[in-house]
Every structure is written in structure tokens, then in C-alpha cells.
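Each of the two complexes below includes chain A, the first together with chain B, the second together with chain C.
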Partner chain A sequence: MSTPASTTSQRRPQRLPGRPDMFTSYAENMRMLNTTPKRRSVAALVVVAVAVTFVVDDPTLQIFALGLAASIGAIGLNLVTGYCGQVSLGHAFFLAIGAYTAAALSGDPDGRTIGFGITNILIWLPAAGIVAGIAGILVAPLATRLRGLYLAIVTLGLVFLGEHIFNEWDELTGGPQVGREAAVPELFGFSFDENGDILTGDQKIYLLMLVLLVIFAVAARNLTRSKIGRAFHAIRDRDLAASIMGVQLAKYKTIAFAVSSFYAGCAGALLYIVTGFFDPTAFNLLLSVQYIAMILIGGVATISGSILGAMFITLLPPVTRELAQFLPLLTTDPSASINIFIVEGVLYGALIIGFLLFEPRGLFGIWLRIRNYWKAWPFTY
Partner chain B sequence: MTATGQDRPIVEFDDVHLAFAGVKAISGVSFHVGRRELFAVIGPNGAGKTSIFNVLSGVYRPGQGTVRFDGTDVLRLRPHAIAELGVARTFQNIELFANLTVIDNLMLGRHTHISYGVPAALAWFGRARRAELAARAAAEDIVDFLELEAWRTYPVGLLPYGVQKRVELGRALAMQPKLLLLDEPVAGMNLEETEDMARFVLDIRDELDIPIIMVEHDMGLVMDLADRVMAVDFGEAIATGTPSEVQSHPDVISAYLGQESMS
Partner chain C sequence: MTELISSLLRGVGTGSVYALLALGFVIIYKSTRVINFAQPALMLAGAVLVSYLVGPLGFFVAVAVAVAATAMLALGLERSVVRPMIGKPVFIIAIITIGIDIALRNVVNGFIGTDVRQVGSPWGLQSVRFAGVSVQERHIAMLLTALVIITVLFLFFKYSRLGLAMRATAFDQETALSQGVSVSTVFALSWAIAGGMAAVAGVFVASNAGIDQQIWIVALKALPAIIIGGLESLEGAIVGGITVGVVESLVATYQSDFAPWLGSNFSVVSPYVVMLIVLMVRPYGLFGTKEVQRV
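On to the complex of A and B.
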């Protein structure tokens, strides 16, 4: 039996003009961006994302930066829930663990809350991921015993447990309504959050998030196209058949929770450096639900969908608040009977239900439809 | 008398009893399968054929008996561990991953032959990429062997039933098994598809040297292909021997009376 892959992978295979989908080696076929349009559109997106830094004002850039950080968290949730099929409502808990690990490590040693003064992002970011990842490994045995709704409910319990701990543990969190400073983004003396000569702090943080998101997204895409990603898929769709193929269910569910929580931990560490401050009431059930909404709206089991969904959910409140100014009945006053916050809650619910009913593949599915429409143009059927 | 190495049967299934809440699915079945054998299991509906496969692959745990595969006691092993030892199977009702392409289903069959960890997978370049390319080449060999070229990039859920059965056989073959269990490989197939499948099964035994246990209702196929046959009824083995011996055995004939006629 021959192994054609080894003979052609040495040299870059030539492309035949007019045959864009023709692959001359498995290596070429198995590349992440295996067609020219894919490569071009990703390159264009990155260029636009960088250009945004210099076009958009700082407050808007802050919101985009939040969306980029949230994207990392959404990718994490999509790995365990979308790809591996283990529904987790505990994402807020892992975000919190990452946020507090990073904040404590980089915090002021003489400050009001726990701090070790290690401000190098290369230390606190991986640490936040690892601590959250270990928490994920500890939670994983639940997933080997419980399925579906039961797992969802038990992971929901994590959020309540976490809320209680973080609300009580004042030395770490500063306590509810008070809060503490977020992690300090510094790299070998270069500070990301202070205004510099060329770039403002917000611009630097936005670019930092962009670079990190690209790294996390590429790594996740690699994972999902690997042996491990296939095992996730197999467990989600038919766990009996998966084990007959030699997939160790417990091991791969543990990997899914570990990697997902690692991503959540890193996202939690990054999210709050945008505003610089956070308090423990942030890590509630609503936060978990928002992440579920991100992956359902963006697209289950897609990396680009996770990013789309995270951007969408992050941009939703600022946009609705803008709109509220034009609608007479809506107010941003929390004491009013129909205030903007209630409307937002209803909007999340309506969007989740709407997508589940009409476009289960999420925004990613809508994008596929648009693309297929244009592929077939002018034959629009 | 203890047989060793090449003389030892690949499967030693001895006095196995399995019951579900009162229903005796297997009661005291014993058989051995040789290393070059195509062993068929026949019997009426509900006789316990699939249950025998489920015991062999670790899905069900019998109350009594011993099951050895290649000399190893497999009764305490989980399905994935038995798969790692080299047992592959297909299912009576196709258990493919419908959203995955033919190639990806075959790649899943390579699972136990690909070894790299999470860090290598996240980084991709280097170890993971090399291993995936090797697995892809092996999967393509299966595509050639089973003549699946026309379908390789289609999600298997979209393929015709007969092709899906073939893909499932391919996924089991991708595991490079030491034993192949086929549960009704031609059920629901037309004549042409049945003939194709029969050719593949023979090639697997003769070219790839993989011993096979096959559960099948199609008596013609069993008579043509099998080296030995075991007939089961109500969880008991009523006859074991060459196809013609079993076919003419009075207990087998009476077990099938009132069912469909033989052959």
C-alpha cells in the first residue's frame, strides 16, 4: 500500500489554474485554511481588525476589547459544550477563578486585597488558565457520571457555590459592591494600560486582546481538527460507538473540561483589565447564560461562530442602550418598571429561542447560507 | 492442555450466561474461533446473537463464564480497552457519525493508532501534523480497498444505506483489528450490494488475514463464506460445525420452522 502523503509533502505542490478545489496532496487538503478564498478572507479580517484600532474612538475600542476577551471564553465553552456535548452552566465559575488568580498574582502587595505584585502577563495569564483548568479537571468526574440536563444542573450549582465563596472572601475579592483592581497588564516593563507616546492605553489593550484571541482561536482550531477533536465529536454524537472505537470517555471528557476551563480562566483574567475593576457579583448565573447565548447564537461547534456570538452579545447592551434614547418608554433607570435591563434579558431569551428554532447553526449558519447563495449566483435557488 | 501463540484460538468464549431482568439472553454458550477463521453465528430473531457481540466487545458484562481474546481475559475490561487489544466491530443498526465525512469516520477508526497529547494538538505543527498525515494515508488506503473514492468527502448521513454499511466496515478496518465482528453486514442490502460486501469480507479474511465473526440472517451468504457456523436459539447454542452440518441439523431446522424457511 502506498503513502502518497509522504511523497508530496516535501515541496509546495503546484496549483492548477482554474481548479481551485483540486488538492494535490493530503497535506494541502488538511491545512486549516485550505482554499484561497478562506486565506484571503481571514487575512482581510485581520487587516480590518488592526485598522479598527486607529479609526474607532477609545470608548468603542474598549467594548471591542471586551468582545475579543469574551471570545476566548466563548471558544472555551464551545469546546466542552458545542464540540464535546457536555452542557456546562458553570462557565462563570471558571471565569471567576481566572479573574481572581490573575488579579491576586499581579495585585499590589501593600493594597487592600491579596496581591503578590507579579505583573508580567506571561506569568499571570497562564497561571489563571492553569488554576481554572485544574478546577475543570476536578469537576470533570461529574460529567462521566451525569448526562445532559443533570450535568447542566450540577454545573449550575458551581456558580452558586462560587458566588457564595467570592462574596464572602473579602481579602481576595474586596467584597460585593466594592470589588478590587483587575490584573495589571505589563510585559517586561511595557505597560498596556497606560497611555503611551504613539498609542493610548485602550488602543494597546485592544491590540493585545486581538493578538491573544488569534493565538487562542488558532490553537482551538488545531485541537478540534486533531484526534482529540474527533474524539469530542464522537462522544457528543454516539458515546457507545466512540468507546468501541477505543475512545476513553472519561479521559476525553476530562480533557474537554480542562481545556475549556483553561480558556475560561484566561478570558476571566483578561476581561476585567479593560475596565480595570471588578466585583464578585459579576460572576452570576446571568454570566453563564450569556456565554451559552454566545455559542448558540454564534454557532455550536464552530470557532468563528464563538467569536461572532461573543462580539454580538458584548455589543448588544451598548447598542440597545443607544437605541433606548430614541424610544420613549425605555429608560436606563433601574427602578422603572420597564427599564433597559429587563428588555435586554428578554432580548437574550428571545434571541436564544429564535436561533434554536430558525437557525440552529447560529450566525455561522447564516454566513454559510450567504456564502452558498453567492457561490450559486446568478442561479439563486 | 494450554495452547500458546499461533495455535491458541483468537476467541475463547466459555459457558457464558447473560440475563436481563429475567430474560435469559445467553445461557451457557461456548465456542472458540481460530486465527484464520470466518465464523458465522445464525439464529432466529431475539436468539442472543447481538448479545454475544456485546459481551465480546465489553458492552455487556455476563453473570457467569469466561471470555478470552488472544489469551487475555476481557470480561473485566471496558469497551475502549478491548478495542485497544484489537477487537473491532460493526453494528446491526449503523452507528456511524452522521455529520462527519467518510474520511473523518475512518480517521476515528485510527484513534488507537494515533498518539499525541493535548499540547501537540494545540500546536499542530510537528508531531500532531505528522501523525494526522500518516492516519490520513491509512484512511485513504481503506478508501481504495473498499472502493469508497466517490464518497470520501461526503457526510455519511447523506449516503445510501448500502454505502453506509461499507463505511462502517471501513471504520472497523481502520482500527487494524486482530478480530472483526460483523453484525448483519448485508441486512437490508440489494443483491448487488450483497455481492460486493461478500467480496470484501472474503478479501479481509484472505488478504488482510483478519479472523471474522459474522452474525447473518442471509443463509446463502453464510453457506458460501463461513468456515464454521454456530446456530443459537433462545440463548443456547444448538449446533456448531461446518455450514452443511449445521444447515441439516434437526434442531436447527425446527428452530427455523415457523420462522422463515432456510436458504
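On to the complex of A and C.
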């Protein structure tokens, strides 16, 4: 900051008591946690998230860990689709690339499938992201040539092509219905997935995911309030206008796809270490649609919304399964005409429709409404 | 040579089914600017309805009833879910149709169950021979049905009042509205036509191996077809559909001899490869109109 104003304010800018939205400098307004309640609630949230490790039993913790990993992927999709407005139905493809890069790097060299035995997470995690990111850069020229629904269908085609490649390439993937082991999470000899003296494997994986999610979320939030983020916004709102104002469309669309795919690659690498095993049929169109559902239900163009949505979608199947015990009509028997999988599917569809019809800003929008209600309480506005 | 010809004929047969599905997409796109991703679910619903009605009603009556019912279903979906979203970004509406697709498909899956249902088509897998080339009867039936439907459709668009209204709406919605065209009727009608055609296509898709929970994927083959042809071109949808069918059939016949490294079942994804190649050369498809941007 070299403006005259900042030279005079060496001390922290004045905050007026009772005026949380009153900002006296631009930097203060642009801060990530620009009000005291935000700082406090985020700190509380982190404390709760860590505390969950010791309160919740291991199977539930596994589901939470899955949700945290999915959140990273959802943030990635939100960067390209929510912030930059480039509809991508191809997220499953990039998740798959990340998952297989990580699994191949850390796999057993003497095993049934390709493996290089590099189990250090500091190597395979960035590698998974970078390989997926490169794939994203290769796809980006399509995005600069095509717009809107054309792009959506092309990225959908990508999922089908990817599914075919991964189904056929069984030295890498183990083949459909067989699968292979996921990446091995290890850091300089410290193993995350084996039970230790203090923490169980699931607890360690949960904490690992939590730390990584915080890193990825903060990085994404920072990206969106940078020059690049503002370029994304401009492209989303009107790409023609953006290009006239000097935003290089090709460059920024490529960046959007690269960063989004990087996130997807890392998410893919992390997702399957929870269960330890995955097979290539997982990366189908439904997975892409699930990620689209995450960002729509969570909140388009918000980072916290992406996390909310990812947790929501990940928790939906276990919760409906729990629900089945209380409803006599529902069974987990797949041959029955009304079984739990059908209800789950219908619920997915209905939730997507319902949110778009009634709360287009998603869960994040609901939170905003609650917050604004209490902000003005006891007045209605 | 006979292998080539019979492969081509197979391709044209299945291609005409893809063309029907693609026309459904294009008709909805032209009038509402939305790609209706619920088309697979409508196709599945139509086929499953036929499989339930074929016993009491006989095949042809069952198909007629199912087509009408699916058209009404599509119309109902348009009225209840898509209509409130008019004016919102097309991407949002497209995602809503994905939601419809997932919900509806799961409901229909409940009626399929785990077994394979049959539509009881009179063609089965019999084939006839023309000059040494054997053709399955159902492929001939597909081509003829598609020809009839497409002819009726083009006559409808060219000569009927409603067809004119639909063309006007596709050309310019606001102007059409100001000239007294009921745009909402056009929207409803386009969904109904697409739904009916999806049901017909579903019957043909199911006439091969019956209906299971996976055949909806076939309807997505219409997506490369409409992209190859160009999103807003009816002719393009037909050309695209036939192209997809022929490419798929030729790849299925010859790929194991010439390019075995592509893996088995490559024919299933080959339409997407063709789509990518076409888009690299012509970003708006073969018959699509190039978008002119104004500031």
C-alpha cells in the first residue's frame, strides 16, 4: 500500500463499536474475515471440527472425511463453474485422473497394477493435482472456442471417453468391478491410515483431510479476491464485455480450468484413501452431476457454500439409509419396488430442482437469510 | 462387401432412432433455448409404459397410448417445473432438467426392478435378406418409422398454424409474442412432441435386448448427434443422428480388426470422438448458425 491514506494509518484502522459493516480502509473491507463475529465463528468452527475427531465414532468419521475430501473437489468445480461461469460436466474425469495418478505413484511396485512405491503424500498429492491440471489445460482450448451448453455437452463427452479409457486400461485401474488400491497416505514414515498409539487410522485421516481442506479453501478464497478472481467474475457476467475491458478470455479460461482440475485431481487422490479401494466405474456421469449438485445446493460462487454442499451430498445417502429404519415402506433390499436407492435418487433430483426453484443461492443463501434476520432483530428489515 | 453394407444398414437403422431423440432435443432447444437433459428419463418412461401395456392392449395400441402418455408427462413437467424458471439463465434450467431426469428415472427404475422387461415388438431379431445382405427387420422398421415421423413433423412445421407459430417463436420470441403467438403453447407443445418422440425411440431401443436400468444411456447418444448437426438445426439433428449410428456401427464392425488397442466397446464412445473432431473444425456444428455477438 503506497497510497497517502495508508502512510498516515500505521496503527490498525479504527473499528467503530456497534458498526460491524463500517470499514475505514479498502484493505480492511477486502479482508477474508472482515468482522469480529466472522473471525470468532470461524475459530469456533475449526475447534468444533477438531473436537469432532474425539467425539464421533470411526465409521461416522469416515463419512465426514469423505465429505471433507469432496469439499475440495466441489471448491474446484465452483471455481470454474460458479466463479468463471464455464459449465463443466466433466469433473468426474479430472477426479479420476487425480485418483489414478496418486494411486499409481504410491502403489506397490510388485502389485497387480501399475505402482511406483512413492508413498510420500507430499509427492503424490501435488503430482495428482498437476497431472489433472495439465489435463484441464488441454481441455481449455475447447472452452475458449465454445460457449454455454455446447461446452457442457463436450465436457460430458469427456466423462464418457474417460470412463472408457479407465475401464479398458486395466494395468492401471484393475478393470471394472475389480479396481485397485487407492493411494497410501504417508508422510516421512508417519502413516495416516494405520492405527497409532493415540489416534486411530480414521481419526488421523479425518484430521489430515481437515487440514488439507482448510489450506485449499483459504487458497481458493484468496484466488477469488485477487485479480484472477475478478477476471473470472467478469467473464461469468458477460464474457464479451470482459474481453472488451481487457480481460484475456483464453488466458483466464485456461487458468480457471487448470486450477479447477488441480483441485479435482487432489480431491480424487484423497477421496479414495478413506475407503482404500476404488474401481473405474465410479467415475461416471452421475459423479459429475453429484458435484454440480454440491455447488448448486451449497451455493454458487461461494467457498463456504461448496463445503456445505459437499457435506450435504455426502451425508445424504447415510442419512436416508438411517431414515429407512423408521419408515416401514423403505427397505434396503434392491429387488423391492420401493427401495432406499430409488428414494435416494429421487431425493437427489428433487433437491436439485427444489433448491434451484426456491433458493437459487443454496444453503449459503439460507444462512444469509438467517443471518440478516438476526442482524436486524427485532425489526424485520 | 456384404459385411460393410449390412453394417451400414444397421447404422442407418439405429441412427434413425438417434435422429428421433436428437430431434426431440433440437425442438425443445429451438423454442425454449434449453437443452432438455430429461430426455433419457422420458425415453425410459415411454418404453416401460409400453412393456406394461403390451399385454392387455397389443403392441401398436400400447405404443400409441404410451406415446400420448409420455407426451402428457413431458407437458406436465414443463408446466410444473420448467415454466417458473423462464427468464432465468439457461444453464440453471438445463441443470433443473438434469434434476428431473434423475428423479423421474429413479421412479421409473422402481417399475423396472431388477429383471429385464420386454416391449414385445413384432420384429424381434428376425432378419430378411436382400441380394445376399441380411438386415434385421427391426432396423427396417426403425428407418421407416423415423421417415414417417420426420415427414409428418416437417409438414407440420411448414403448413400448420401451430407449426408456423413454433417457427416464429424459434426465430424471435418477443416478436412472435407481439404478433399474437401464444409462446407458452409453443413451449408446452415442443415438450410434448419431444416426449412423444422419445417414447417411440425408447420402444425401438428396447426392441433389441429389452429394458433394464441401463438403457437410458442410449438417449445420451443424441447429444453428440445434436452437437455434430448444430444445436438449432432440425436437418442437422437428422444428419447427426444417422452419422452417430453409422459411425458406431462401422466402429463396432471393424475396430477389432484395425485398431484393437482402442479396447473393446470403443464403438459406444466413438460418437463422442466424432463430436470432438467436428467441434474442432466447426464450433457450431455442421448446420448450426454461427452466433453473431453484439456489444
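Convention: the second predicted complex is superposed on the first by the 360 of 381 C-alpha atoms of A that agree within 3 Å, B and C clash if a C-alpha of one lies under 4 Å from a C-alpha of the other, contacts with A are read in each partner's own complex, and residues count from 1 in each chain.
Keep in mind that, in the parts below, contacts are C-beta pairs under 8 Å (C-beta built on N, C-alpha and C of every residue); 3 or more make two chains touch, one makes a residue touch a chain.
Please read these numbers as outputs of a predicted model, since none were measured by experiment.
Student: Following the superposition defined at the top, how do chain B and chain C come out on chain A, clash or fit?
Tutor: In the arrangement built by aligning on chain A, the partners chain C and chain B fit side by side.
Student: Looking at A:Val259 after the superposition, I want to know if it touches chain B, chain C, both of them or none. Which is it: first, second, both, neither?
Tutor: first
Student: Return first, second, both or neither, reflecting whether A:Leu357 touches chain B, chain C, both chains, or no partner chain.
Tutor: A:Leu357 contacts chain C only, not chain B.
Student: Which partner reaches more residues of chain A, chain B or chain C?
Tutor: The larger set of chain A residues in touch belongs to C.
Student: Going by the contact rule set out at the top, does A:Ile244 touch chain B (first), chain C (second), both, or neither?
Tutor: A:Ile244 contacts both chain B and chain C.
Student: With both complexes overlaid on chain A, does A:Ala234 touch chain B (first), chain C (second), both or neither?
Tutor: first
Student: Applying the document's definition of touch, where does A:Leu316 land relative to chain B and chain C: first, second, both, or neither?
Tutor: A:Leu316 contacts neither chain B nor chain C.
Student: Looking at A:Val42 after the superposition, I want to know if it touches chain B, chain C, both of them or none. Which is it: first, second, both, neither?
Tutor: Touch partners of A:Val42: none, neither chain B nor chain C.
Student: Which angle, to the nearest 10 degrees, do you get at the Cα centre of chain A between the Cα centres of chain B and chain C?
Tutor: 80
Student: With the two complexes superposed on chain A, say which partner A:Leu296 touches: chain B (first), chain C (second), both, or neither.
Tutor: Once the two structures are laid over each other on A, A:Leu296 reaches chain C alone.
Student: Just the number, please: smallest Cα separation between chain B and chain C in the overlaid arrangement, in Å.
Tutor: When the complexes share the chain A frame, the smallest chain B-chain C C-alpha distance is 8 Å.
Student: Overlap the chain B and chain C contact sets on chain A and report the shared residues.
Tutor: On chain A, the overlap between the chain B and chain C contacts is residues 240-241, 244.
Student: In the complex of these two chains, what residues of chain A are touching chain B?
Tutor: The contact residues of chain A facing chain B are 1-6, 9, 26-27, 30, 32, 219-220, 222-223, 225-231, 233-234, 237-238, 240-249, 255, 258-259.
Student: Okay, in this complex, where on chain A does chain C touch?
Tutor: Residue list for chain A touching chain C: 87, 142, 145-150, 152-154, 156-158, 160-161, 163-165, 167-169, 240-241, 244, 285, 289, 292, 296, 334-335, 337-339, 341-346, 348-353, 356-357, 360.
Student: Sort out for me which residues of chain C touch chain A in the complex.
Tutor: 35, 81, 84-85, 88, 90-92, 94-96, 98-107, 109-111, 113-114, 220, 223-224, 226-227, 231, 262-266, 268-269, 272-273, 275-276, 279, 283-284, 291, 293, 295
Student: Which residues of chain B touch chain A in their complex?
Tutor: 57, 59, 78-80, 83-84, 88-89, 91, 95-100, 104, 107-112, 114, 116, 118, 121-124, 128-129, 131-137, 140-141, 144, 171, 175
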